[in-house]
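Residue numbering begins at 1 within each chain, and the chains themselves are lettered A, B and C in the order written.
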C-alpha cells in the first residue's frame, strides 16, 4: 500500500518494543463481539491508474460546463480562475498545514488570513471581516444569530429576494434556537415591501443584493428603517464580483455582511467547498462567529500575526461560544485572496464591468427571442426571464442540445405556479457572443 | 482590609453603607493570566446571589464573575474597557469590576474572611 | 531577547525572506490579469453604482507568485515533516486526490445543472455514501454537513427532531469533560443545556456518575470514541444501553475514527449518529484550517430526519432529493437544509479517491498501523515522560506534565522547543482532564525512522529539562520566521486588518 511506510519487519520490531504479540492485542479494550475479524466486504486496494480510471468514468457521465455554453448562476458562478491560483494553493505548506495555532510556524497562513480579512472588509465597506465561514448560506444564518445576540431580540425578517438555500439554512438554525423568521414571499419583480415588517421585536432584516431574481436595490432606506427601530441590517451577497460595480453594503448602512466568495478563486465543484464571507462594523467584533487573525509583534519586536479574540470560540468558551464553528474554509479563502490580489483594483473593477456588459448583451439577445420577456429593470450579471411556458422542461430540452441554459426558478421555489415559467439566467466574462447566440437559437427551437 | 469578604469563586467584596464593591482576588488574576477584556454588567440590572454578572477574559480563558451577594448593579468600572490589565496590576483596588446595592446584607455572613480565604486557596495548590 | 545571531542588511535570513503585505506592494494601475476594458454607457445598476474605489492593491503576476510562495515558506505542513498533533489526524495527503478533484466533469460542475447532466456526480456521492455506511455499520448518511462541527450540528438536530416528533423534546445533553469544545457548543446551538460528565481515573467516562445523571429530560450523550485521551471507551455498550433505556440518543463524535476504521463499526456499538471528519480519517487536506467535510451517519430511528438534500436511486438513475415533498424519496420529517447546495463535493472526491486507493484491506491496515505507531510512542517514551494512563492506547498517546515538575519548564515551553528541533509540536493542554497535557498522534503515514528520530528528540529534551537547563525552553523557538508572539497585545488592542499608514479622513 503506497501510503503506508511500515514494513513487516518494522511492525514486528515495534510490537516487541510494546510487548505484545500482534496488533490485535492493542484493541483489547474493544468489546470482543464488536471487533471485526477481517476486512469489510468491499473492493480491495487499487493503484493510481485504476482509481483515476474509475473517476474518469464517472466524470464522463456528466455534462461539463467548461465546454458547454453555460448560463447558470443562482449563487454559484462560472468565472475564469487564473492558473496561478491553483498552482499556489497546491503548495504543500498551504495544503497540508493545520489551523495556525502555532503562530511561529504558521506565519504564511496567518498573513494571508490578515490579507483576506482586509480584502473582505474593503469589498464590503465594513470595518472588520473574519477569517471565513463555510459558505454564504451558513454565513447568513450566523448573521441572523449574531443579530439576535447583539439586539437581544428574537425575530428576523427575510426579504423575498433571498436565495432559497440561504432562507432554508437560516430557518433550520433559527428553528432550533427558537428564533422567529418572517420570510417575505418570493419577489420576482424585486418589489417586495419590507418596511412594514420591521418592528421593535426585529433583530434584523436580511436583504440580498443583487437579489435572487437579479434585481439591484439601494439598501440605504432599508438601513435607515432598521436603525430607526433598533434593528440591524444584514446584507447578503451571493455574487461577490458585483461589488466591483455596485456600492458596498457598508456604504449603504449595512451592519453585517454575509456573502459567498466562490466567484473569486474557487471552482464550482458542484457547489462545495466554497467560502463564506462575514464582515461587521467595529462595535460588534466580540459577537462575531469564526476565527479572527490579528497583528502583533514577536519577542524580538518584529511584526507578526496570531489568531486572536479566541475566547468567543468553542474550544475555549464551549457551550457559551458565539458559534460551534471550528473548521473554516482556509484554502478556499487563500484561493479567493490570490485571485483578488491578481485582479487588484483595476482588474476587479474591469471584471465587474465586463460581467455587467455580458449580462446586458445577453438580456438584449434574449429579448429578441419571441415569447421571452426579461423581467428585470436592474441587474448585475444575472436576471430573470419569463418563458411563457414551464421553464424546467425547457431547461431539460436545452441540456439535450448540450446547453446549460439557466436555472428554472421552480427548482428552488418549488410548488408555486406563478413562478413556474421563470428562468434565471447569468452571464459572466466566460460567455462569448457565440455562446449567447447558441442559447438563443436553441430557445427558438425549443419554445 | 478588615471589612473585605471573599467568595470561593475568588471574588472579593468591600462594603460601604448598603453598597458592595466587587473584584477578583490576586489569586484569581494570577490563575487567569494577562486579562485582555472585561465584559461589564449593565447598571440598573438586578441579580440573585451567585448569578453570572461579568466575564473576565485572558488570551486562552474566559472566566465568569458571579456576584457574591444579591442586589442591583449601581456602577461598573468603565476604565477596565480600555485598561483591562488593571485587574492584573491592582486587583484589590483600581481593578474593581462592579458596585452592587445589597438587597440582603445577611448574605455577607456566608462569605469567607481573609484568613479563611487564604486557608482555602492554600488547600487548592 | 536576542535577534538571530547573524544580522543581515535586508533582515532576511537566507531562505527565510521577509515579506510585506500585499497592500504594501501596491502600484496604482498595475494588474496581474489582462481583461478588456468595457464601455458601460448604459448600465442597468439602478443608480447603485460603486461610489468609491475598493482600495485593492495593484500587483503583477510574478509579484503575486513570489508573495504567496514566500508566505508558504513560513508554514509547516505535513509535507514538511512529522506533525504529531493529537486529535487532528495529520496524515499524508495524496496528490492523486487533488488531481481527481480537478477533473473536468467533476470539479467544474455547477450545482444546479439538470439532474440528467450530473449522473456521474450523483453516482460519486452515492458511492462514497455506501463506503461510509459500510465502514460504520450504519443504515443512512447525511452528506451535506460542511465540517465536523457542522456534522455534530446535523446529528443533534436529527436527535432533537426525532424527540420532538415523539412529543418529548427533552432539555439536557450530557458531554464528558474531556470532549472537544464543539460538542457543548453544538448542543447549545440546538437549544440544549449541557451537563459535564466526569472522567474516572482510567481516563474514561465515570460510568456510575454518568448513570446517575441520566433521566427522562436527557436528550443525548455526546461521546467521543476512541476518546480524547486516546482510549477506547470499553464500557461503550453498557453506556449505549443505558442511554437507550433512558429514551435518549447516543451521539458519537467520530473525530477519532482513524483508530478503528475497518476494524470496529460504530453501528455495532449502539451508536445512533456520528460525524466523520473527511479531513482526518479520509485524508482530505486540512488546508490551514479548512475546508472540511462532515458526513454524518444515522441510525434507523434518526434516518427520516436527515437534512436535505440527499441522493436516492430513482427509476431513471440517481436522484437528488431537494424538497421534503419530493415524490421520489422525500421525507416530510427532514429537519431541513444546513447549507447551500449539496455538500462538500470537492472533499467527497478526494475522500473517495483515498478510500478506493486503500480498499477495504488497506483501510484495516490504516487503523492497525495508526494504533501501532501510537503505542510505539507510548512504550518508548513512558520512561522519560509521564503517561497519563496505562496502555494500550488507540491512535494517540497522552502524557501530562508531571515529568516537568520542578524543572521550571512548562508544557508550552516543551512543545515550543520541539519546533526548533524541526517537528510540529504535539497538542498541548488538551484534553482538559489531565494537567498540562501533551497529546501525540503519529498517524499511520509515519515511518519507523521518523518516529525514532522524534522519540530521540523528545527524550533528549526531557533530559535537558530535568538537567536544570530550563532557560532555552522559555525562549524557544528561535530558529523560526517569528519567535513567540505577543498574544496579549493582539487581544487587548485588536488590529484585524491593514489600514493605510497615513489615515485619510476617518469614516
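By our rule, a contact is a pair of C-beta atoms (placed from the backbone, for glycine too) under 8 Å apart; a residue touches a chain by one contact, two chains touch by 3 or more.
Being a predicted model, the structure only gives us computed values, none of them experimental.
Compared with chain A, the chain whose C-alpha mean position is the greatest distance off is B. Taking the mean of each chain's C-alpha atoms, the chain closest to the overall C-alpha centroid is C.
Averaging C-alpha coordinates per chain places the centre of chain A 19 Å away from that of chain C. A separation of 44 Å divides the Cα centre of chain A from that of chain B. Here the spacing of chain B and chain C, counted between their Cα centres, is 37 Å. Touching of two or more other chains is recorded for residues 487, 490-491 of chain C. For chain B, residues touching at least two other chains, in rising order: 37, 57-59.
For chain A, the set of residues that touch two or more other chains comprises 308, 316-317, 320. By the touch criterion given at the top, residues 37, 39, 57-62 of chain B touch chain A in their complex.
Taken together, the chain A residues at the contact with chain B in this complex read 286, 308, 310-311, 316-317, 320. Interface residues of chain C, counted against chain B in their complex, comprise 487-488, 490-492. Across the interface of their complex, chain C is touched by residues 34, 36-37, 57-59, 84-85 of chain B.
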